[in-house]
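Below, chain A partners chain B and then partners chain C, in two separate complexes.
Moving on to the complex of A and B:
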């Protein structure tokens, strides 16, 4: 029996522009096969409330789908006798217990944390982190979540990674487009570029230091590269064409993109080192949405050469394109898993546009979302979650779901439409 | 002037109808193939030669619209879902009307704006809008318009004509709008 639990957290968070927007995160998941854990953080200091840390860690672990969070305040957690302590935790149903404390020593503040394996009655690890800057609170909590997650599941944690997305805010008389970078739970959002003209197709550089995207600031789609730390912007190509759908090669040297030549949309690569442009595809109709294989030797792309949009692959050096998808009437916007085994894509099998996963090894396609206007899927760096854009009451929201669809996290921004999310590497 | 055009048009229309009737009869009888061979070129010749002049005369009348600026009457061409081919004769006439105007007014220039409905991925919809606009540009080039008087731009799904979620709204959004950058006047 699958039981769904809906947790709703609503907070006010402040964006760089000082305009407050309300961020709503809703986690919905099936309650099966999860590991029971208790999180206890004690010892408030002036600037670091313990409650903040425990809340962030609990949300991270719960939202991963691998853990069940049990209330740590229902048990005595400072029993001197170790045997008795483990027995109490065991009795309360916990398999794991995170015992954490914030304390001061020599004028500095620290957070130390021990993870207990309740079943084996032993400490799995013990760490401390020096607390220096208030703005790092969420980052530190996400790092602790990562360590817990990795040690218990053996899977790389992604709680401290980033996402980029586009939002639009309707103001009287005009619309403001924003390119955001935020934590994966939607917090620490910074609008790194704002424009009254359309912004689209953000994509991360392999080192996550830059983002390439499409901007209509000169009244046609052009590709820009923005360095996150400095805010420096650079136009990729100085020509009069419309250029779109940028994708960074795994070695960071090439950007694949779409441009039209003699009335057809084809895929090209731009070499960031020698500035040379090379044509990759050649067909009548539309070829767009390039996506690199992790080897950097071939690309996946959307083409309508068969009459309908489908996913194709092609070597960037030679040879013909190979059609990959045959199911349904529409397959587009592929995004590859970091192990190179799966594509997430937009699929229409006759019941609206949904997110599907396509196995490159087994040529098998599986639908994992239930919306009718779902789009822009991207894998988490550990390939365990997929982030995409959906519509709720005709408003754009972001959704993160596990590969099996068991967990679903929705991120909504009040007063703004959000779309085109992409997970960092 | 307009009257003369109309009379010409009427005369041609009657003439055309007559020829069509004659051809039609012969096609039905299938007895005398020679007649078909001789009448067919006449039919195409008179159809092309005369009707185009009427269209060209009409096209001089620029309409001004608060939202659209100057147009030659209808300036929107609609497309089927995920398609970019122009099949309807009325659409071809609209394109020809603009092509003729551009040929007659060398200083004039247009912007062909492509759009898609909201379904499917945004980057693909941007490509779809561009391909729709490019298709119309190609037709204009074939009709003798020079490349430098046409600018093509796609907005993808971002500027819908209708914000509804029904098929009717979607069909209104799958479109190309022809806009004058400069009427040349």
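Moving on to the complex of A and C:
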């Protein structure tokens, strides 16, 4: 009885609370945009200028396409009063504020970060990192960027991942080709292999410990696998064929590649465990640039069997190839997103080679770059950014873009002619 | 022959009747004597003797014998009477005794009965006590029941009051005043201006936020309901609301509401 009364009351109060909150307002209009954030780092140390940290973080966050970086110098970091602080930041238009300070204590230097949610007036996270002589300020800053990005967007940050690319140095008498591994902003670049002959098609192993690539050191294309930590190289296949376009299977056991049979290019897989080669495609046209589906059961590749290059998919075990792209005169060099939903590819719809996103679910193609000679797209591990090669004043450059093409950022690489970038996993 | 016999028999009957009459007369006298005081006895005797003188001797002797006999009889009767008296007295005594005994018995019985009655009374008292207790209990229960009833009635009244309030509010809602319309529009535009959805954010068709505010418009609480989307999208709703604090002040305190329901309809 009492129970039922209580229940009735709860019900009534629920009704009341619903009814007394009867001022129901529909909110229908929103701005689609970027989140305003301010990055403030103060307190210089001898070896680590505060400005470096803020620049790296600002660069990372802006490049992600999710943030609008507001100038923090308009707001003084010295305000101590919490209430005033939030009011000031809010007035400056920031939704988030990274308040950071480098300071010395007991002979050691530290950098302290506090990320504030200006709207909710609360601290989202606090970090303190000890700085030593050997500290990699860029690595620290990228880590901070990752944490900020993850806490605000709920998406994994990719600012501490790596990219690989090929550069060409033109000397008066010859060309020097280099295979580089660097941070995603082009810093900490290391040439892991140099050659006077052409280098092509770098690709990461699933664990990011090795890179497979094509080298012409023996005057024909051959695939090599290089371990990053030790620098040791090994040739994948000891045959007399031209082998190119390596692609690591998601489980790391197979490498799909292109090989010529009587002058025609077909796709094969090489088993790294039992060393067996298996043919995947068989057509009168060229089949090349294999790319694995995340399931490891299917590959995407470029074929001109229809007369023009287009993207096809095919099971690695049986069945026929299926044509995917029909738009434009040229679709090639596909790279799949880690969720298996999108392909990034080079597309020519009559206006030059551009980067496009192809939705495997909805079968539509969307161009996201504006160059005329854009090529070699690859997704960031979180699929939110795409890295590709472009041309600027006849020189190859690398561009990172948000996956909708809205944010486009050139990666500064000390004036080298660069191409074929690929993002690590 | 027959007539002779009849004559003889009638004479005998006549004689017999005379005798019987005389006996009766005599007997009457005796009984009168018996019944009369002893003082009057001799006078009666004398008178009788005088009467007897006129009668023949034979007759007197006869009479004497008769009287003697009667005396004897009387004596016997007296004796008998005495005996009877004794007997009667005895009987009476016996009866008295019996009565006494009976009385005693009765008394005893009465005492017994008394005890029993007392017992009964005691029992009754106890029963009464029990009854009283029961009654008290019952009364208590009745009181409690009535109290609960009162409570329920009060609760019912409260419910009715709330219901009528709701009705009133509904009626009021139906007749949204201009002030209210203006108020809603001002809140709507402020929140819409502060609603920023990051690019590439998946969202639900409809998310509801329940906002608590003070009369000054200062927001004290925001709760999101029925929203199962990208956390970045949910965050954009919460931010839009908090960024709009303080909300526009109600043009009339009548239209002010502590709770506001915001229905966010994601853009296409």
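Heads up, the rule we're going with is that the second predicted complex is superposed on the first by the 377 of 425 C-alpha atoms of A that agree within 3 Å, B and C clash if a C-alpha of one lies under 4 Å from a C-alpha of the other, contacts with A are read in each partner's own complex, and residues count from 1 in each chain.
Please note the rule applied: a residue touches a chain if its C-beta (ideal position, glycine included) is under 8 Å from a C-beta of that chain, and two chains touch if they have at least 3 such contacts.
All values derive from a computational prediction rather than experimental measurement.
By the touch criterion defined above, A:220 reaches chain B but does not reach chain C. Of the two partner chains placed by superposition, only chain C is touched by A:24; chain B is not. Applying the stated contact rule after C-alpha superposition, one finds that A:161 touches neither chain B nor chain C. By the touch criterion defined above, A:35 reaches chain C but does not reach chain B. By the touch criterion stated above, A:378 is placed in contact with neither chain B nor chain C. In the overlay built on the shared chain, the residue A:335 is in contact with neither chain B nor chain C. Once the two complexes are laid over each other on the shared chain, residue contacts for A:119 go to chain C alone; chain B is not touched. Using the contact criterion defined above for the overlaid structures, shared-chain residue A:153 touches chain C, although it does not reach chain B. Chain C makes touch with chain A in their complex at residues 152, 155, 159, 162-163, 165-166, 169-170, 173, 180, 183-184, 187-188, 191-192, 195-200, 210, 230-232, 235-236, 238-240, 242-243, 255, 257-267.
For chain A in complex with chain B, the touching residues are 198, 200-201, 214, 216, 219-221, 242, 244-245, 258, 260, 263-265, 285-286, 288-289, 302, 304, 308-309, 330, 332-333, 346, 348, 352-353, 373, 375-376, 394, 419-420. Residues 82, 118-124, 126-128, 130-131, 134-135, 137-138, 152-156, 158, 165 of chain B are the ones touching chain A in the complex. If you check the complex, the residues on chain A that touch chain C are 5, 8-9, 12, 15-17, 19-35, 65-66, 90, 95, 119-120, 152-155, 384, 402-404, 406.
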